[in-house]
Amino acid sequence: EDILTLFEGFRGELEASNAVREEIKAVSQSMDAETRKMQAALMGIHAGTDEAVASAVAKVREHLEPLRTLNAQLAAIMKQHPGQYYRYHDIWRHVHTSCAFLVAFVHWLEHGTLLTHAQVESELQLRHEEFGIDLEDYLVGVCSVSNEMPRYVVNRVTAGDYDCPAKVASFLSDLYAAFRLLNLRNDFLRKRFDGLKYDLKRVEEVLYDVKIRGLQSRSQPG
Amino acid sequence: MSSEASSAVGGIGDAFRAYAKQLDAVNERRERLVKASRDVTIASKKVIFAVHRLPADGAGGGAEEAALGQAEKDLQLIRKTSIKRVAQELQDEDYWRFSRAFSPGMQEYVEATAVLHYAKTGRLLTYAEANAELSEVQDAGGQAFRLSAADYLLGITDLTGEVMRLAISSVAAGNKGAAASMAAFVGAVYEGFHVVPMVAELRRDLAKKLEVMRSSLVKIETASYMVHVRGSEYPEQFLAERLAEAPEDRLDPDM
Amino acid sequence: EDILTLFEGFRGELEASNAVREEIKAVSQSMDAETRKMQAALMGIHAGTDEAVASAVAKVREHLEPLRTLNAQLAAIMKQHPGQYYRYHDIWRHVHTSCAFLVAFVHWLEHGTLLTHAQVESELQLRHEEFGIDLEDYLVGVCSVSNEMPRYVVNRVTAGDYDCPAKVASFLSDLYAAFRLLNLRNDFLRKRFDGLKYDLKRVEEVLYDVKIRGLQSRSQPG
Amino acid sequence: EDILTLFEGFRGELEASNAVREEIKAVSQSMDAETRKMQAALMGIHAGTDEAVASAVAKVREHLEPLRTLNAQLAAIMKQHPGQYYRYHDIWRHVHTSCAFLVAFVHWLEHGTLLTHAQVESELQLRHEEFGIDLEDYLVGVCSVSNEMPRYVVNRVTAGDYDCPAKVASFLSDLYAAFRLLNLRNDFLRKRFDGLKYDLKRVEEVLYDVKIRGLQSRSQPG
Amino acid sequence: EDILTLFEGFRGELEASNAVREEIKAVSQSMDAETRKMQAALMGIHAGTDEAVASAVAKVREHLEPLRTLNAQLAAIMKQHPGQYYRYHDIWRHVHTSCAFLVAFVHWLEHGTLLTHAQVESELQLRHEEFGIDLEDYLVGVCSVSNEMPRYVVNRVTAGDYDCPAKVASFLSDLYAAFRLLNLRNDFLRKRFDGLKYDLKRVEEVLYDVKIRGLQSRSQPG
Amino acid sequence: EDILTLFEGFRGELEASNAVREEIKAVSQSMDAETRKMQAALMGIHAGTDEAVASAVAKVREHLEPLRTLNAQLAAIMKQHPGQYYRYHDIWRHVHTSCAFLVAFVHWLEHGTLLTHAQVESELQLRHEEFGIDLEDYLVGVCSVSNEMPRYVVNRVTAGDYDCPAKVASFLSDLYAAFRLLNLRNDFLRKRFDGLKYDLKRVEEVLYDVKIRGLQSRSQPG
Amino acid sequence: MSSEASSAVGGIGDAFRAYAKQLDAVNERRERLVKASRDVTIASKKVIFAVHRLPADGAGGGAEEAALGQAEKDLQLIRKTSIKRVAQELQDEDYWRFSRAFSPGMQEYVEATAVLHYAKTGRLLTYAEANAELSEVQDAGGQAFRLSAADYLLGITDLTGEVMRLAISSVAAGNKGAAASMAAFVGAVYEGFHVVPMVAELRRDLAKKLEVMRSSLVKIETASYMVHVRGSEYPEQFLAERLAEAPEDRLDPDM
Amino acid sequence: EDILTLFEGFRGELEASNAVREEIKAVSQSMDAETRKMQAALMGIHAGTDEAVASAVAKVREHLEPLRTLNAQLAAIMKQHPGQYYRYHDIWRHVHTSCAFLVAFVHWLEHGTLLTHAQVESELQLRHEEFGIDLEDYLVGVCSVSNEMPRYVVNRVTAGDYDCPAKVASFLSDLYAAFRLLNLRNDFLRKRFDGLKYDLKRVEEVLYDVKIRGLQSRSQPG
């Protein structure tokens, strides 16, 4: 009887925590659906032409606003449970990784540079001290950008852009060197990082194919 | 000690004998469906193999026409025999009760129909087209057999693997033009699957199949890329002349 | 573009089916909570005394009405989706098994006989042709009744009821023989049935313990 | 060059977090060693006699002070990283479970009652709002107490204490009923809870063995 | 063209081997059904009385002829594929184990002695040099006989046959000693053998119960 | 006692079978060492010149006699255990695959045709009805021949033999068509077969390179 | 094209020929050690089997004495032959280089020695005692062979499994007194292992072995409990009389 | 109690060994950090130009001195534990492999020849009889050199050095033949060696690309 009363209390505690978890999951699932649509839109870049890339980027940008709204909802939930970010982190970890991937990739397509951690957060209108993106999630997203590059380069060359390989090889080479600075203990991140080397190698091979045949972009003077 | 264990069953014997009958009926029907489904699978795989045996040089011609016609007839036969057997076992609620028993066959059938459709038209067989072809196949109540959306979609995922094999064979046989259009086709299907909501009836298989689809896609794109890069090494005119010198050539002359 | 439109066409169909699924799940979860409470109440029989058994049975019976209501809700949902019972069967399969277990066990405690498939359905006020219990689910529930017997017999004997083992051994022996009439192909049911043998064996051992010591129930004249 | 600078910053962040992790791990390892010693001491109860139990309990209590000190060290570290309890929780989760097991078991041996979550924390001189024991960790510890019972009961009976089985069966029966109230979603905890039923069943069988043979403790009047 | 003809031949060979496999599987499945019925009949011995045992043995014997016919079918198939016994052995291994168990157990019930490997084969009218039972399959069958003994003894004593335990204990004790002679490398067989010791232990306990109470069979003069 | 004698016999049988296994393993290991040396010698063909190829083939042929002797030893062992080829097949399966690869490849280098299954056996002086090579092992060996072709063709062209690609492409094309006739159920073999297409593709690419550049063998008149 | 691939090795051939010699020497020594270790294992297992074949009724007597003496001699022989071979292959640093090759044998030897020691004395063979017995076994430099602490400890973990088998056999054979003392013995060893620090050289195997040990311990305690509970059912006097009536009895008369 | 004391006696011995292990690990981790920086610097060679290669080599050489110092520290620790090199070998095995890779690769880049085992040790100022590099670790390091070659050759050709492929192909071909002299039993080393074949194959393909196009280095007279 005594024990029963005690456990009634535990039931309350556990159910409260379950309720929070469910609430977060619901938002996360909406975010997941949103990022899936964005990834589908992004795939248009593999048609390889400049127009295709521009159009895909534009489509991804359209979805950005809903994604910000959902992130704001997550932030609002977590504000009510201060100090428990990492208790529920595993639920949104995957979508945050996708978010980082999407905004970083789109930015690279537009500007050819790497979006920083802080920039990713501000692009998503998140305030780090309130509810930010975990650094490792950002880094995993960056690895995903790299993973997409070999396919992108192959398709760009097929579409006749022979300058792309050198540009990407240079970007990935810098990125790879930068990642080497990190002392990665997170097994998952380290595994993803190991993939970078293969991405770079693959892009270098495309660059080699283009160079050895003396191919040059049509738009180029030389 | 339980005195009657050896033979009698007590008062519940009658009930259990009735249960036995019910279970047997369900099991036997399920087995008939599994067999019919297996027949559908085997016959569909044969159609797929036949498509792969089409001359990969894309030259067309009478032999190809004949082979395509034969494949079309084979599919017709599958519908008239094995799928007809499936349809006649199913009615109302039984469709979903036994869907696991016949789904593998239907998915393979979709794959075969779609690969043939692609070989003929270069287009994706739609859900409506697939169901239209099945409209003659009816159950005991005269109801036309319909594919479930899940079976259609899962059949289409496998289609992309077959298109990949067609692409590699084309390149291996010297048909340099095919890979690019196949890459575009599979790319569109891959993109399409990203807008399909991940519902329970798909989730179990789809994630893995999409990974396989991506790797097929990358294989086709790489093949297309190699063709492009090698082909771009020399001016087309030069190529045409060079290849004209060797009329007995195994390479595709229309490159 | 064309293909994309085509695939977007599936959204409606698939999402509708998902919505049905969610609706059923919600009712199922309520049923699950209900059957958990009933199972908790039923565990009172293991105190072993006649009063404890009677009281546990009474408590289980109290929950029967809500369970019927929930079943009626499920039936109402499925009425709107004729012919799709087995499309969603996996969602309520587990709770139906628990339902069968509960009403069959309670009935056995009261009358010492096995409730048939049809009786289980009528006890739950279900009409088979509209929304019934799958035969295999009923049979799995019956296996669960058997699985509870060794513990029940041990506790009854501890509480001084030395007649119980013979009664249970006879019941399980009949049940075991009855199951052998079935041509079991369903792997899960067959596995559950295999457990019956061990239940019977354990009860036979208790019967042996009682017999060899010549123990007799206090209440008995002999 | 730009990317390199950026990643230099990430390196700093990651290394700081690694350093915290290492610091916590070091304390956790000391706690692990301490709890292992306590578990070894606790094993003395299986000699089964009253003296053996009393002596084992005393030995475990001796180690309590060092364990409190180590917990205080953990609390001190986490005080410097507010809001990150759950970021590092997985490191000390196992030892906290052992802590809960040890103090709860010792308490049961002394008083025959269940130590509450709050009592476990105060026994370890932890202040929940600062650095407490996660509820699920406490519950897992309680499951471990249950898991030890069958062995304890068997050895007590072997040593001639025929009253022990009834006492333990009653405790476990209450505990089992209480756990049934919880809606366990944590898979690990649910699995541990599933073990409780077997513990109870096993203890009931011992009780049965004793009862059926009419065994009574020597010290008893009857 | 040349190669094609060659591979046509290979296709024939591969398909022939598949056909053989299917043919054997079909017979094996019929044997499996038959042995299941025999095992069901055999379970009648656990009613414990002499008549029940005799009746169960008789029923098993009735099925022996169909089992011989099926074995003869297998032998006939394999006769057409000399030297390929072990190519397909895995298909019938399980049913051969059941065969060995059934005839060895029935023989023990009738004569109280162990049927030898050769006798099992001749009981099934198999000629070892043509199509026999693999030695390890026979030994696994013998282990199954031992595994059934504890339940048999318990039920026999419950039914009043107090001589049975001594007879079975002596048999199992010999069997256990005999198995210890073997240098078992087959992991599966070794695991089955490990179970023998527990069978013997349980039978010894029953024997002890009977002895300690000075129980004697009703039918016996002494 | 009786049972003991019986089991003494079983011990003999089991140990005899273990001894056979050990004996076969010893010969297999020697064969493995021999085929490794042959493979090393065969790699000399990748120097690409006619002399290198001839010299490599000659070296492989030198090792053929010891390989035949070892195969004869295996055959002699198995002759003493008629009908047990498939009992021990897994032990020599791998080396037989290597044998088939080696003699088939050398034959192709010398004559440009595929050595048949029967010819492989007679090259190794095996009599199929006594101790042959399993058909699937032969086919796996043939797949290995295909896998080596792309590298061979690349190196031959580098060394100036521009006729080689057409010859190999024609051979692999026939081989691929032939394999498609088979209804492969063996998973391992099917996987190996899938590789053939890529071998053919690579060889076609080299053929294309050569054609497109109008390259002709130096030694050739045309 | 690499012109010399077929035969020559360039300038590095000499170096690699020297490496080949070194590697072969190491490998051959390792194989000799593995073989010696396997011989130790097989012979040790035979000693363990012999202990299990001792009459389980605990009655002692000449046959048992003889069997124990034989087992002692067998262990002596293992030390003089196979372990001697191990010792002579090892010198200085080679002990650790090859420890993985000979550890299995040494662990089995410890298990055998300890199980025999337990059968004779009921006590645990200590590390010092185990090493003392090995003092005659020396390497080429006259250095006595020593067990590593890890090998000793891991051998002892397996000992508890064997003691469990002895306990079950004793109970199966009617020796009602043995289980209790064996439970106390294994309980003490189990407790002991909890104060051994979990260092790297043990961690890999020890956790699993401790679980096995616990289940052995529970098996013995349960057997001991059953003996106690059954035994306590009747007054001892009654038992003695009852059992005296059956002198041909297989049960232990000293119960 | 007695046994407990006995086991406590192991504490000292085992903890001492653990302390040594920790001490070595600390140095190893520093070495690991150092070799990571060196590998990062070395990756500069993949820019492909002569200057990039020279600069990368120079940077690697700068780190050589700290690496020597750390190796000397390891040697000093091990000097205090004579005869226990292989007890702790697994801790530094990985970094020694990296050391061998780095100095051997740098040497090859400078001189085009393979550094021997003894030369690697003297480059690191290690005295083999005191504290050397295990032969297998050296060989694994050499395999890593080979693994880097395909990427290096591709990037060199991209940068216009068409002589590189022939030089590397010749080196790898020699290396491959040299490795075949070894009787590899170590599974890990054998697996790494298997990779050499693929490196060589890829380099041969690059050589083929260059040859078939008749490409020649700009700097070359021809």
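Structural remarks
To keep things simple, chains are lettered A, B, C, D, E, F, G and H as they appear, and every chain counts its residues starting from 1.
We adopt the following convention: a contact is a pair of C-beta atoms (placed from the backbone, for glycine too) under 8 Å apart; a residue touches a chain by one contact, two chains touch by 3 or more.
Only a predicted model underlies this, so the values are computations on that prediction, with no experimental measurement involved.
Of the pairs listed in E-F, C-E or A-D, the one whose interface repeats that of F-H, with over half of its contact pairs matching by residue number, is C-E. Set side by side, A-B and A-H show the greater C-beta contact count at A-B. Work out the mean CA point of chain F and of chain G, and you get 46 Å between them. We define each chain's centre as the mean of its Cα atoms; on that basis chain D and chain H are separated by 48 Å. Note: centroid distance chain D to chain G, computed from Cα atoms, is 34 Å. Residues of chain D in contact with two or more other chains: 177, 181, 183, 213.
Among the residues of chain B, those in touch with two or more other chains are 1-5, 7, 191, 195, 197, 233.
By the touch rule above, chain H contacts chain G in their complex via residues 1-4, 6-11, 13-15, 17-18, 21, 82-87, 89, 113-114, 116-117, 135-136, 139, 166, 169-170, 172-179, 181-186, 200, 204, 207, 211. Of all residues in chain H, those touching chain A in their complex are 33, 36, 39-40, 43, 46-47, 151, 154-155, 157-158, 206, 209-210, 213, 215. Chain A meets chain H in the complex at residues 173, 176-177, 180-181, 183, 201, 204-205, 207-208, 211-212. The touching residues of chain B, when paired with chain A in their complex, are 180, 184, 187, 190-191, 194-195, 197-198, 218, 221-222, 224-225, 228-229, 232-233.
Taken in their complex, chain G has these residues touching chain H: 1-5, 7-13, 15-17, 19-20, 22-24, 26-27, 92-99, 124, 126-127, 149, 153, 188-189, 191-193, 195-197, 199-202.
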